[in-house]
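Structure first, then comments.
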Amino acid sequence: MLAQVLVSSVTAGAVYALIALGFVLIHKGTGVVHFGYGDQVTFGAYLVLIAQMAVTGLPFWPAVFIALVVSALLGALIYGGFMWPLRNASLLAKIIASLALGTVLREFVRAFMGPNAWPFPFLLSQTAVPVGGVLVVPANLAIVGVSLGILAILFLLFEKTLFGKAIMAACDNRIGASLIGVRVSHVFLLIWVVASVLATVAGVLVAPLLTLSPDMGLIGIKGFTAAVLGGFNSLPGAVLGGILLGILEALVGTYISSALKDMISYGILIAVILIRPQGLLGGLLVKKV
Amino acid sequence: MTEALLRIENVSVRFGGLVALDSVTLEVAPGSIQAVIGPNGAGKSTLLNVITGLYTASGGSILFRGERIDGRTPHAITRRGIARTFQNTELFGEMTALENVMISLDRFYAYGGVTAAWQGRHYRQIETSARDEARELLALVGLAGDENEAAATLPFGKQRRLEIARALATRPGLLLLDEPAAGLRAAEIDALNRILLDLRAQRQISILVIDHVMPLVMAISDRIAVLNFGRKIAEGTPDAVRRSPDVIAAYLGEKAAHAVGS
Amino acid sequence: MPLRPLLFAAAILAFFAAPQLLPEFYLFQICLIAGTALAVLGLVVVTGLAGQISLAQSAFVALGGYGASILAASWGVPLWAGIPVVAVVVAGLGFLLGQMTLRVAGHYLALATLAVTAIVQLALIHWEALTGGAAGMAVPPFEIMGRALTSGRELYYVIVPVTALFILTAQNLIASRFGRALTAIRQSETAAEAMGLDVLRYKAAAFAASAFLGAVAGGLLAPLSTYLDPAQYGITYAIYFLAIAVVGGMTSPTGAVIGSAVFVLLPNYLQAFQSYLGLVFALLLLGFIVLRPNGLSSLPWLRQAGALLHRTTGPKP
């Protein structure tokens, strides 16, 4: 029983981890916390449906491809149209803008695709396969695999390559970065594009598991919690935080009360913010004056 | 010898692995102008920040008028009589010069919420006196006429002086200045020196001033301490410090020290 | 300077004339604008002035509405007494939440307050015995001196004066040392501390004020809507308040009224596009924060009118 709960919970955890990775990528790379990211995940899944509606008879995979391309453009639009003009604005304005972006996407979907849930196809088989006494679902396993794969790629990119170091330089010290020839605006643009594509990947994977409705983006809070739990600047922390949150929720849901499940994760969010704001794997910063 | 106004004893500050201050001991005598100089990253600003409670010391103690102030909140330390300016000016940019100064004064011209909500005669009287004192302080630093300019729109030199007026409005016994002369022209530096000397003479305010540039500090300070890599490497009268080979080495490198020494 | 008394007289005249001249529909809308503006006024204080982002306003409004209604339904406390009592309790909660700003700022604060709204909403849904659960609960009528105020026309006499009182009070407090302190804290917390302000206490007080105003607004809006649905008090509602504050002008109490008027009245003109309403609101928020972050109340002609008024109220420069 416990083993089964844990195995199943890892899927939910991987979903959170995937979204948390996007948050951390944007925050680490551009210094913005994107409150609309959860809605971008939802929007990505809807893009597949919209592509299939626009071109009748379009098969699933080409539709996913189109969705990825469109979301890359969306990322560029978000940076060029909003984040770049706001680069010198107050943190408050940036937070509100990112909240607004998410709300626009959510309400766009609600207005044009209706408020109700849509069915969304699974990528892989849903039939459970027994592995060593517990049931494992390939579709769920894929999510875990994809999260870990993306983590590996991002981790290598950020920590091991010159390009990754240039990104960190751009984020920490814009003037310094431009002195050594890093075009900050290009780096930021790239990050927004990559993160937006990542959101759509997450959306396509997650939509069949959850119910695809305009409000699916609320899953973003879970992604936040995972990111905060792991340490907002740490990519491995995002994955660790996601998995941990998934397991915690499953344990509370199974052994205490399923009604309490969501409250627990919000409680965790507040507790971590208060007790250890740098998260499990992050470092604490003192404001320099 | 009289008791020190401020006494810093073996204070250390760490950021992760970096030791920004390494067991520094320093005193400010009442009525004196004490300078702290040192190259970039020596820990000068960190010293001010730990005195004013913005950073926490990882060791040592800080006494002001004989009482421990380390571990207290910054506003409590200010209320005990230590005021400061910031190296990269931290003005309330959208507020006027007058309002910037009134922020520090409001504590001395207090009134309750009901008075503020009603805005009767009593309220207007208190506000007017606060305004008058703020005007005087602005005039003192040469900002008469700039009262209603937004702080952010003032030229750099005036922003610097506004910081001093705002600090004075907390009615300090000790004024801490973080590189007040950086970026100022020669004439402005002279004016600044005169203001600081007047403050000491007329308001009995002691001053701890940080600087990079020797000549400015030299002209007005009684004693100079030199920081390098978080350690105090020399202290004494301006003349003694100028001749110290350690100090020359810190600023110009070993070679220059040898050249001067030989 | 006879401008101020003149305006005052005109406002009072308009206040008593409106119920005679306007149909119930518009009076109801005026009540809705006033109640919403009161909730947004809370955001103006905590987010606009003190610079502390809060997505908890939705929770405070919910607690005010539910708290007063539960007191009335289960213990027979009339709303006119229950609303202030609940508001004071909620203000205490706001003060505690404000203590959080000792450790948290910026996006972490946004997250934490978001979580508060989510937790309160979940509690309303799951604490069925008290709140009626997901189905919601009916609000007992607002009774005063043996008379039940049920229509917008009647509640008008309660909601509008209360809002006006708080708006005027807020305006005066903002002009005083309290508003100055909050503004300073918004621009540089470090400098404000260094100038001797107890920043944490001010921030906590700002949160308490926003909670109080939110709870009063929730309490007054409850009998107007006659029914409380927990689905309403979610994150979307918190962003709705934020949007109103941004569109009206974050730092201005009159901006809260202007913004509320826009958001309440706009749907009347978009009858044919009901399903696009959320999108329109979201686009308004996005457009304003990028292009005109100081909102409508910063429009030059409105500012001039405001300055004209203020020159007669504020202390002489």
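Per-chain residue numbering starts at 1, and chain names A, B and C are given in the order in which the chains are listed.
Everything below uses one rule, namely that a residue touches a chain if its C-beta (ideal position, glycine included) is under 8 Å from a C-beta of that chain, and two chains touch if they have at least 3 such contacts.
It should be emphasised that the depicted structure is a prediction, and the values quoted were computed from it without experimental measurement.
The chain with its C-alpha centre at the largest distance from the centre of subunit B is A.
Pairs B-C and A-B differ in how many C-beta pairs touch across them, and the larger number is found at B-C. The chain closest to the protein's centre is C, with centres computed as averages of CA atoms. Centre-to-centre spacing of subunit A and subunit C amounts to 32 Å, using the average Cα coordinate of each chain.
Work out the mean CA point of subunit B and of subunit C, and you get 42 Å between them. In whole angstrom, the spacing between the mean C-alpha positions of subunit A and subunit B is 46. The set of subunit C residues touching two or more other chains comprises 190. Multi-chain contact residues of subunit A (touching two or more other chains) are listed as 289.
Listed for subunit B are residues 54, 86, 90, each touching two or more other chains. Considering their complex, residues 15-16, 45, 49, 54-55, 86-88, 90 of subunit B touch subunit A. Residues 33, 35, 82, 85-86, 89-93, 95-97, 99-101, 103-104, 106-108, 110-111, 218, 221, 224, 228, 259, 262-263, 266-267, 269-270, 273-274, 277, 287, 289 of subunit A are the ones that touch subunit C when the two sit in their complex.
Per the touch definition, subunit A reaches subunit B in the complex via residues 283, 286, 289. Partner subunit A is touched in their complex by these residues of subunit C: 47, 51, 53, 100, 103-104, 106-108, 110-112, 114-116, 118-119, 122-123, 126, 190, 235-236, 239, 242-243, 246, 275-276, 278-279, 281-283, 285-286, 289-290, 293. Across the complex, subunit B is touched by residues 169, 172-173, 175-178, 180-181, 183-184, 187-188, 190-199, 313, 315-317 of subunit C.
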